[in-house]
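Working notes for the structure below.
Labels A, B, C and D are assigned to the chains in the order they are written; within every chain, residues are numbered from 1.
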Amino acid sequence: MNSDNQKNGEIKCSTNEVSDNSKKGIIHNGVLIEDTFAEAFDAWIASILITASKRDLAETAAVSAIGYGTSIIGCGAEAGIADYVIPQMSPDGRPGVTVLLVHPDKKQLKEQVIDRIAECILTAPTTAVFNGLPNAPERIPIKIHYFGDGFEYQTNVRDRNVWAIPIMGGEFLIEEEIGIVKGVAGGNFFVMGNSQMAALTAAQAAVEAILSLDETICSFPGGVVSSGSKVGSLKYKFMKATTNHLFCPTLKDTLPDSLVPEGVRAIYEIVIDGTSYGIVKQAIHDGIHAACSIDGIVKISAGNYGGKLGPHKFYLRDMI
Amino acid sequence: MNSDNQKNGEIKCSTNEVSDNSKKGIIHNGVLIEDTFAEAFDAWIASILITASKRDLAETAAVSAIGYGTSIIGCGAEAGIADYVIPQMSPDGRPGVTVLLVHPDKKQLKEQVIDRIAECILTAPTTAVFNGLPNAPERIPIKIHYFGDGFEYQTNVRDRNVWAIPIMGGEFLIEEEIGIVKGVAGGNFFVMGNSQMAALTAAQAAVEAILSLDETICSFPGGVVSSGSKVGSLKYKFMKATTNHLFCPTLKDTLPDSLVPEGVRAIYEIVIDGTSYGIVKQAIHDGIHAACSIDGIVKISAGNYGGKLGPHKFYLRDMI
Amino acid sequence: MNSDNQKNGEIKCSTNEVSDNSKKGIIHNGVLIEDTFAEAFDAWIASILITASKRDLAETAAVSAIGYGTSIIGCGAEAGIADYVIPQMSPDGRPGVTVLLVHPDKKQLKEQVIDRIAECILTAPTTAVFNGLPNAPERIPIKIHYFGDGFEYQTNVRDRNVWAIPIMGGEFLIEEEIGIVKGVAGGNFFVMGNSQMAALTAAQAAVEAILSLDETICSFPGGVVSSGSKVGSLKYKFMKATTNHLFCPTLKDTLPDSLVPEGVRAIYEIVIDGTSYGIVKQAIHDGIHAACSIDGIVKISAGNYGGKLGPHKFYLRDMI
Amino acid sequence: MNSDNQKNGEIKCSTNEVSDNSKKGIIHNGVLIEDTFAEAFDAWIASILITASKRDLAETAAVSAIGYGTSIIGCGAEAGIADYVIPQMSPDGRPGVTVLLVHPDKKQLKEQVIDRIAECILTAPTTAVFNGLPNAPERIPIKIHYFGDGFEYQTNVRDRNVWAIPIMGGEFLIEEEIGIVKGVAGGNFFVMGNSQMAALTAAQAAVEAILSLDETICSFPGGVVSSGSKVGSLKYKFMKATTNHLFCPTLKDTLPDSLVPEGVRAIYEIVIDGTSYGIVKQAIHDGIHAACSIDGIVKISAGNYGGKLGPHKFYLRDMI
């Protein structure tokens, strides 16, 4: 970073192109923005709007429903909180939290939406469930009303038609269908810092900016990936993915081809799923600018597979 | 509740036996404790101690790892936070959070432990993983060190032998094995209130008391079940479980055999898993006493299947 | 409450006038809205926008700055969080929290603004301070830049001119002046419930709705007053204010003139300060509607001194 | 820091003495522990144990009561949360939070204890107040029961005699006297990092370790001081305290006598008050060890006035 960056409220932006081949890119606010791109792929995204008597109750249900949902490599879906809805703007006048569930396969997404609602939201005190994408042309039926065992009935909450299911805690209201859209998954960038906490705090600041947007999530714990991986393994043929060793700071001195810049002690990755290419691009933009406001950031890069993984590219140079 | 109960700091306990058949039990602090028992079953329990640079970072990993883990009916495991460990007492001098994963089947538990560590803890910033039950005679191997792709190595953290795996965020330290014990799952009780929020707050107070104990979890969202179920269905033969209609307050007036007491507007269930019969009994005891400290609680009951579900019984009369 | 109210997501509103003299008012959603008014008075209000590297850091500073600030009866000022500002909308691109300080006396308000900034915000990590009311015609000078001991200098953050003060943690940026407006203090209403937790949760839900508005605060702990008072004392002449005994539920049976309605076990008061009559009226409106969405609420009333305390009246009948 | 320090779970401690005059001290875990001492002074300390129906309600009251309480330079008292008490261990079986109020003058401390209880705890929902130092030989009378206007009465909560005061929210229970002890205020150390966030996170980790001890507080926002000061001013004779310019990183290049070490970008101070010399010493010890576990920490120092301020000295060399 440059010394301007040290100042708390620094917002002056100096932007210079760097042509040195070893670190090609643009200097923004003292941080090298590498001239590379993030690669992302198509995925189906469902949006569930959970309301409850108080915001913390809606959040408790949401946190349970999105858990164990970091990556479709090992989880049933990628999941995260996309938005908080104030009472004055929610379908039933109560505070709400919107969660997104993401999977490339529509059938698997449907199963996850049903299971996570049934296990984590229906069971959570005072919740109701609304379609978070009421204008989406495509919808998946939830049919959780069979839980009512014949005692359920249809009613209206303002402009929404819902099932009312008698439960021990009162009544559970839920719309029959949840909207889904074809969105973009795997948008990403890397934050490299001169200490572990500079890198981590910058990554967290980026996540805060991203979550200020609607309709995007960062599905990893706290929105940040600590252990970015490469496909396959050099040594263990049975492993589908292993540590991205060229980006491991502790291996820098022993690996001649290490890609860790001088002075970098930690690299955190932000991975973003969103309902459209445009919103994911905005998220990468806002996230990078937030990260660069933190002292100690050396470089921003991004992950791609040379364009083989997915059809969507986000060039970092377009973010400055 | 009786009028004594209205007072904020009320702790006087009046205890009387009630012999009226329709509501047999003991009156404790103005609340009827029904003369029934909770039934619970055997399950394997793994304990994972997550440490991190700060407590909130350990908690972020824990919350992700225990998510989508309310009930083995629909989730891979039951999971929850059992304990917070202060830096001065943790294996590496950093703040820690202990989570329990629970499943009756040892093989499925092992898979869940590995997957949830790999997806939700390895990926979370600054975390390390230790065996939360170092004295357990039985252990499951994790073997996550293959993620290191040959760059991993073994080292010691004080008295623990760990794998050190280079990652982009620094190094991830993990013990090779996680201890498991045969514990008790499904300990429970019902909290019935004269308003939804009286019942809910009492249930939450109970959960706080239970979580003050080590080695017990309440796996449902916020520790509370809002939609207790019965096995099967009266009407929909394809449903494995449906709403426990006899305990639904909104159905009281239409169902002659309703079990909802007069004046009760909501019933919340607390479900407890723990590493031993004794700790679950203590949890039920402490939880009931905490619930009865809240104004507006009418009755405490518990769920059982006449002794057919599991070998463990917890009589509520023993809790007073 | 009526039985409709029991249902979680209940939003149907039935509104009937009640002419019975003993409980004159309107029935809204099963709750009696008494035909009375809240009385409020004029006060000066300063708005301080605190930004920081992360939202929690801004909030930490804010919480310290607003503490010990419930009522001007015994505190230097009334104070609270009015708004959260996303990075994309804040003066320096970092997350922010806006706090209001309130006092009828302009000079005392000025002292409080300076002292609380100096003690609680300047000392808090990574903070900067901006004028939260940039369009206010009246401003108070802060002059905290003298803390820089001559090493301070003036600079610009986007469109704001600030002092940059070197500190041990980096630099502290602050605008020289904070805008103040003549606002309204003491807007209020009472929430009466059939259990302590019904009343408290409804009060909390009301506070959440009120805080969703900008430029209003609820200065009491968590926004709720547990011990509403009357002026003076029946018994202790040296006391300026004592418990509002006619509204104490535990005294209902012993006081013939008790104003506690039948079945009410707790009454919580919400007190609102805001930058204008209109915003306080909106806050009372939104708060009452939120409170009435909670099961177990019996009645809503409000506090006034027959119009002697202040020039502003808020009729509850206008809120439905 | 040394490279060992980069590793997440690093706990190996290398300790070497450094005799170079310019940076005399001990190297601990790659961090220079300067050979200096912290200086502290005597102060009276009151301990208030707040209980409530749920832990968050007790914390809400506590946070309000300790606010605007960073330093006696500009606040009525120094104040902070010292401990959380589980229901099973609290005087009334409900969760509790203990706060300490600190002032060198006993009379001023008494006023602050009364005012902060009256304004911030009595007004907070469901709270009760107990003497947090039941064995202290000296006590201050609170006499808040006059608020009850004659309707108050004395009763017992288990082994504590309390006043029960009828309030609108139910009853407020409070012991008549709060214990005070002569403790130690101003214990401190400095954390210097190679980035703002390394220094800040290390300071926060230190605070977490310190708060794990009972009977100590860190009264500044989040426990951390961002703007350490010197007595008086070089330039502005009317200023009692100004920025500690020799420790300001942004002034390092312009001040020949700067005390900022090479590569340091931020310095945060931890200030500790506690009920005894021993507990403050333990807090400094545990805090320094926690801070040194964070990557990017360059040096630990401490503040003193050559022994002129107070009678208590804490040598950093004794902490390793």
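Here is the rule we go by: a contact is a pair of C-beta atoms (placed from the backbone, for glycine too) under 8 Å apart; a residue touches a chain by one contact, two chains touch by 3 or more.
Because the structure is a prediction, the values reported are computed rather than measured.
Student: Tell me, which chains sit next to both subunit A and subunit C?
Tutor: B, D
Student: Do subunit C and subunit D, two copies of one chain sequence, contact each other through the same residue numbers, with over half in common, or through different ones?
Tutor: same
Student: Where are there more C-beta contacts: B-D or B-C?
Tutor: It is B-D, judged by the count of C-beta pairs in contact.
Student: Compute the distance, rounded to whole Å, between the mean C-alpha positions of subunit B and subunit C.
Tutor: Between these chains, centre-to-centre, one finds 37 Å.
Student: Return the distance between the CA-based centres of subunit C and subunit D, expressed in whole Å.
Tutor: 28
Student: List, in ascending order, every residue of subunit B touching at least 2 other chains.
Tutor: Residue numbers touching two or more other chains: 6-8, 53, 126-127, 169-172, 196-197, 200-201, 249-250, 265-266, 294-295.
Student: Under the touch definition given earlier, write down the residues of subunit D that touch subunit A in their complex.
Tutor: So the residues of subunit D in touch with subunit A come to 1, 6-8, 193-198, 200-202, 249-250, 265-266, 294-296.
Student: Please name which positions on subunit B make contact with subunit A in the complex.
Tutor: 53, 57, 60-61, 63-71, 73-76, 115-116, 118-127, 146-151, 165-172, 190, 196-197, 199-200, 203, 220-222, 224-229, 233-236, 238-239, 241-245, 247-251, 265-269
Student: Taking the touch rule as given, give the residues of subunit B at its contact with subunit D in the complex, in rising order.
Tutor: On the subunit B side, the touching residues are 6-9, 11, 51, 53-55, 86-88, 92-95, 126-128, 157-158, 162, 164, 169-173, 201, 204-205, 208-209, 212, 286, 289-290, 293-295.
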